[in-house]
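You will see subunit A twice below: alongside subunit B first, and alongside subunit C after that.
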Partner chain A sequence: MSRGLSTRGTVQILAGVLLQVQDGHLELAATDMELSLRAKLDGNVEGEGSAVVPGRLLTEIVRLLPEEQVVLEHRVEESTVYVTSGSSESRLRTYAVEDFPRLPDPATSALSTLEAEPLLDTISRVSRAASRDESRPVLTGILVRFEGSSLVMAATDSYRMAVKETSVGGSPPDLDAIVPARALDELRRIAAGAGEIQLGTLDNHVIFGVGDTWLTTRRIDGQFPNYRQLLPEAFEHEVKLPRDEFLDVIRRAAVMAQRSTPLRLRFAEGELTVSAQTQDIGEAREQMPIGFSGEPLEIGFNPVWLRDGIESVVEDELTLKLINALRPAVIAETSGDFWYLIMPIRLAG
Partner chain B sequence: MIVAHLDLDAFFAGVEELEEPSLRTKPLIVGGDPRGRGVVATANYAARAFGIHSAMSCAEALRRCPHAVFVRPRHALYRQYSQAVWTAVREVVPTVERTGIDEGYLDVGEVAGDFVSAAPRSRRGESHIAVRQARSAHDNFLAARRVAGAVQAAVRGSTSLTCSLGVAACKVVAKVASDARKPGGITVVPAGREAAYLASFAVRKLPGVGPKAELRLARAGIETVAQLAALDDSTLARLLPGKVGGMLRDRARGIDPRPLELAVERISISQEETFERDVAELEVLRAELRRMSQNLAGYLAGRGEAARTVTTKVRYPDFSIRSRSTTLPAGIDDAETIGDLACSLLDRALRDRPGPLRLVGVGVSNLEPFRQLAIA
Partner chain C sequence: MRLIVARCEVSYTGRLTAFLPASTRLLLLKSDGSVLVHADAGGYKPLNWMTPPTVIEEADGSIVVRKRSGKTEDRLEIRLHEVLSDVAHEMGEAAGLEKDGVERHLQEELAARPEALVEGLRLVRREWPTDVGPVDLMCRDADDGWVAVEIKRVATIDAVEQLSRYLERIQLDPALATCRGILAAEQLKPQAVTLAEGRGIECVEVDLAVLREEREPELTLFSLAR
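Entry: the complex of A and B
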């Protein structure tokens, strides 16, 4: 729940958790206006009513509880919630309930039920490529689009782009939205191990349901880059590489690529040389045999982004597609439904 | 290690004199408008005779010397001269740490061997190693003086500018020594003489002693470097708490372990503008930042570099300074992106503390010699 709390701190109520007792259930809710979470808890409930308490404090108190059992008691006249467990008692001043924003109500939305695994896997394949730079909001989101029985997700930070197509069973919803990557990453945490996920839209929100827990997130307005157009159609070289071995070589060499210096990949007849050099720190170099022929090609990559791309591959073998040292490279799988495009670093000299 | 600190003499003024030789005999001040609120960037030696120095307000400089000539700085021009200077220096001493447009440290020890005089050097047996080492250290400092002379000649030959050098076994002593005989001086402090050399200087001459430290030391009656060097641990901890105290006392004793920093030339490039009057109009401030971003982009392009960090600096009428930075996942070098970021950082600074500004500036740092390409 604490992940739904606002950390920006300008609006006090958004740092609060709403505790609401209704129809014999306790429901918790938190929102930072972009993302909101609500969850139902089992327990012995008496009376009805609601209160908003500081979320960080409640989280901290609960984390340190001495006993398995905890009693929450709202004393309206004192504007205080008592949290007691064993011999410990904490009292939290409440915020004004009427200030807490109204959250989108899943009951008013048409929901589709999806198998959890393909949805979560698709998120995990692309979310790393999303941007964290708030100055271009569209790129902080993941494009989520259902086309017939297939789900497409794409993410890019303008230096790399990941695209995954996944076929989904059931009756997929009619959805084509840019969803904040952090909301989808949060969904992965909430839904880990779950069998099904409910999905729906409401106004400009997307709603995900996992059991009694609901995550709603605002859609990001704007035009997502046309990922199909950005994927080059033809390449000069297509090099097949064993995923794990390639990943190990990259990881070892990347240790010596400090301060965001590039990793150099030199492709020559039958051999790939990966090297990194940081001035006054040191250097690393490693070779591996590959099927490559033609004029040697040297290309530089950001080591972290290259590693992200290789790690996103789930098959034993990947194909690295290259044009030249200044054009995009693509990491692809044999199954043909995953692409990780990465732009090179122009090497000096 | 034998290191030289090179400092160009009254650099901006020196360039202006070269560009307009009639200025050479006149008190010349490069800086802001004397009728506005600018400050002196550089004064030539004729102007310094009137007590005018860098960072003094131009209005004050005008009061002290009403017939002085004031010119606005021409940074693009100074950069060209600076580039020529460092190219010439590197031809004599290849290993250089530039610390500014007009100063830097030179690894003189590396080339001193080439400058040892042709006179036959003593060749003694194994049993005299200690003597021979002492002799060769002495030889090396003699050679270092020749290196410094050759650097001066190279700079003069390529640009007609003069510079001063200090030569010593560590940076702090070299830096103090370069300032000792300006203009056109060379001061060599042989190994072992560091503390004695520094002893009589005022503490504020010691690099690292800022106005606050100076004040704290002065209150305790510490005025010379020798007095600072002689402080015991407990007094030192009281006067200058934290690591800085020990560091400054070491420097006062002529101990400075800093090597030349060559790894990344951790230079940041920045521009700033002090306004004639305080400016509150957001559009004016933004236009100013964009204009400066344009210059920075040009400079980056000239160096073939990209910057990952952009910083906007603002100064309020009460002289307090705020700066806001952002660091990107990949370097940028285009004026528009730098300008966009600089403006959004300005918004952030003004959100935290609104009000008119006396100065705005924009800087780029985290410079990389390579360029991460973006998806078209």
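Entry: the complex of A and C
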């Protein structure tokens, strides 16, 4: 629940967790106005009512409770919630409950039920390509689009782009939205191990349900780059590489690619040489045999972006598709439903 | 500006009371009425200070600085035990603080190459005057449309407001009624981008080193024009 709390201290109520007792259940809710979380808890509940308490403090208190059972008691006249467990008692002053924002109600949305695994797998394959730069909001999101029985997700920070198409069963919802990558990463955490996820839309929000836990996120307005147009139609070289071995070589060489220096990949007849050099620090160089023929090609990549792309591949073998040292390269799988485009970095000298 | 180095004690009464026992200190009395008491330690911050407007009364062996603060009065009383130095300098007209030259350099580079902002853009005039201040560049686009460009190192909401004000005045002229705005900056704050988009102002991120051709632009999958 604490992931839904606002970390910006400007609006106090958004740093609070709403505790609401209704129909014999305790429901917790938190929101930062972009992402909202609400969850029902089982327990012995008496009375009805609601209170908002400081979320971080409640989280800390609960984390350190001495016993498995905890009693929450709201004393309205004192504007205080008592948290008691064993001999430990904490008192939290409450915020004004009427200030807590009204959250989208999943009951008012038409929901579709999806298998959790393909949805979560698709998120995990693309989310790291999303931008963290808040000045370009569209790029901080993941394009989520259902096309027939297929789910397409795409994410890009303009330097790399990951696209995954996944076949989904059931009756997929009519959804074509840019969803904050942060919210989808949170969904992966909440829904880990779950069998099904409910998905719906409400006004400008997308709603995900996992059992009694609901995650609501705001859609990002804007135009997502046309990922199909960005995929080059033809390549000069297609090199098949063993995923794990290639990843290990990249990781080792990347240790010496400090201070934003690129990794150098030199493709020559039957051999790939990966090297990195940082002035005043040192250098690394490693070869691996590959099936490459033709004129040698040297290309530079950001080591983190390249590593992310390789790690996003789940098959034992990947194909690295190259045009030249200044055009995008593609990391692809044999299955043909995953692409990771990556722009090179200009190499000096 | 009057600079006094003196062995003195200082007492302040007002929102609180404070007393500095006798020691050697630097007293700065500025022509705008500011009075600052500095020690030779403690960083840039004065031990005591009074902001203008103030009334400064000097009597034998003491300087009293008074300032009205609502219904009460703030009072700084400096008792001079020994004056070691007392000099006054005519400082002339104040020059504004120039934080860095980036904005000026960006304006120079973009004036020379406005097409770096938008293809086909050409310069009409730098510092185009309006009655609320000059806009950095006035240009015309490929279709001969007027484009006002405001340049910042870091573009904030204030920059959007500033360009909006210029546009409002510029568009009063029927010949320039369709003038649009571009906010160009090395760094654009997300709130500024949102506000600018809402007002139909285009935001363009620029890199001084790239404009100067000191560095090649980074390779990207697609154009980052907003």
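Of note:
Here is the rule we go by: the second predicted complex is superposed on the first by the 349 of 349 C-alpha atoms of A that agree within 3 Å, B and C clash if a C-alpha of one lies under 4 Å from a C-alpha of the other, contacts with A are read in each partner's own complex, and residues count from 1 in each chain.
The rule we apply is simple: a residue touches a chain if its C-beta (ideal position, glycine included) is under 8 Å from a C-beta of that chain, and two chains touch if they have at least 3 such contacts.
This is a predicted model, so every value here is computed, not measured.
After superposition on subunit A, the partners subunit B and subunit C collide with one another.
In the superposition on chain A, contact of A:L347 is made with subunit B only, not with subunit C.
Touching more residues of subunit A than its counterpart among subunit B and subunit C is B. By the touch criterion stated above, A:L326 is placed in contact with subunit B and with subunit C alike.
Using the contact criterion defined above for the overlaid structures, shared-chain residue A:R259 touches subunit B, although it does not reach subunit C. Once chain A of one complex is fitted onto chain A of the other, the partner contacts of A:P225 extend to both subunit B and subunit C.
Once the two complexes are overlaid on the shared chain, A:S135 sits against subunit B and subunit C alike. Touch criterion met: A:Q279 reaches subunit B, while subunit C stays clear of it.
Shared interface residues of subunit A (contacting subunit B in one complex, subunit C in the other): 135, 156, 158-161, 225, 230, 326, 328, 341, 343-346.
Of all residues in subunit A, only 134-137, 156, 158-161, 225, 230, 326, 328, 341, 343-346 touch subunit C in the complex they form.
Interface residues of subunit A, counted against subunit B in their complex, comprise 132-133, 135, 156-161, 225, 230, 259-262, 279-281, 300, 302, 326, 328, 341, 343-348.
Those residues of subunit B that touch subunit A in the complex are listed here as 262-264, 304, 308, 328-330, 340-341, 344, 368-376.
The touching residues of subunit C, counted against subunit A in their complex, run 187-190, 193-194, 216, 218-222, 224, 226.
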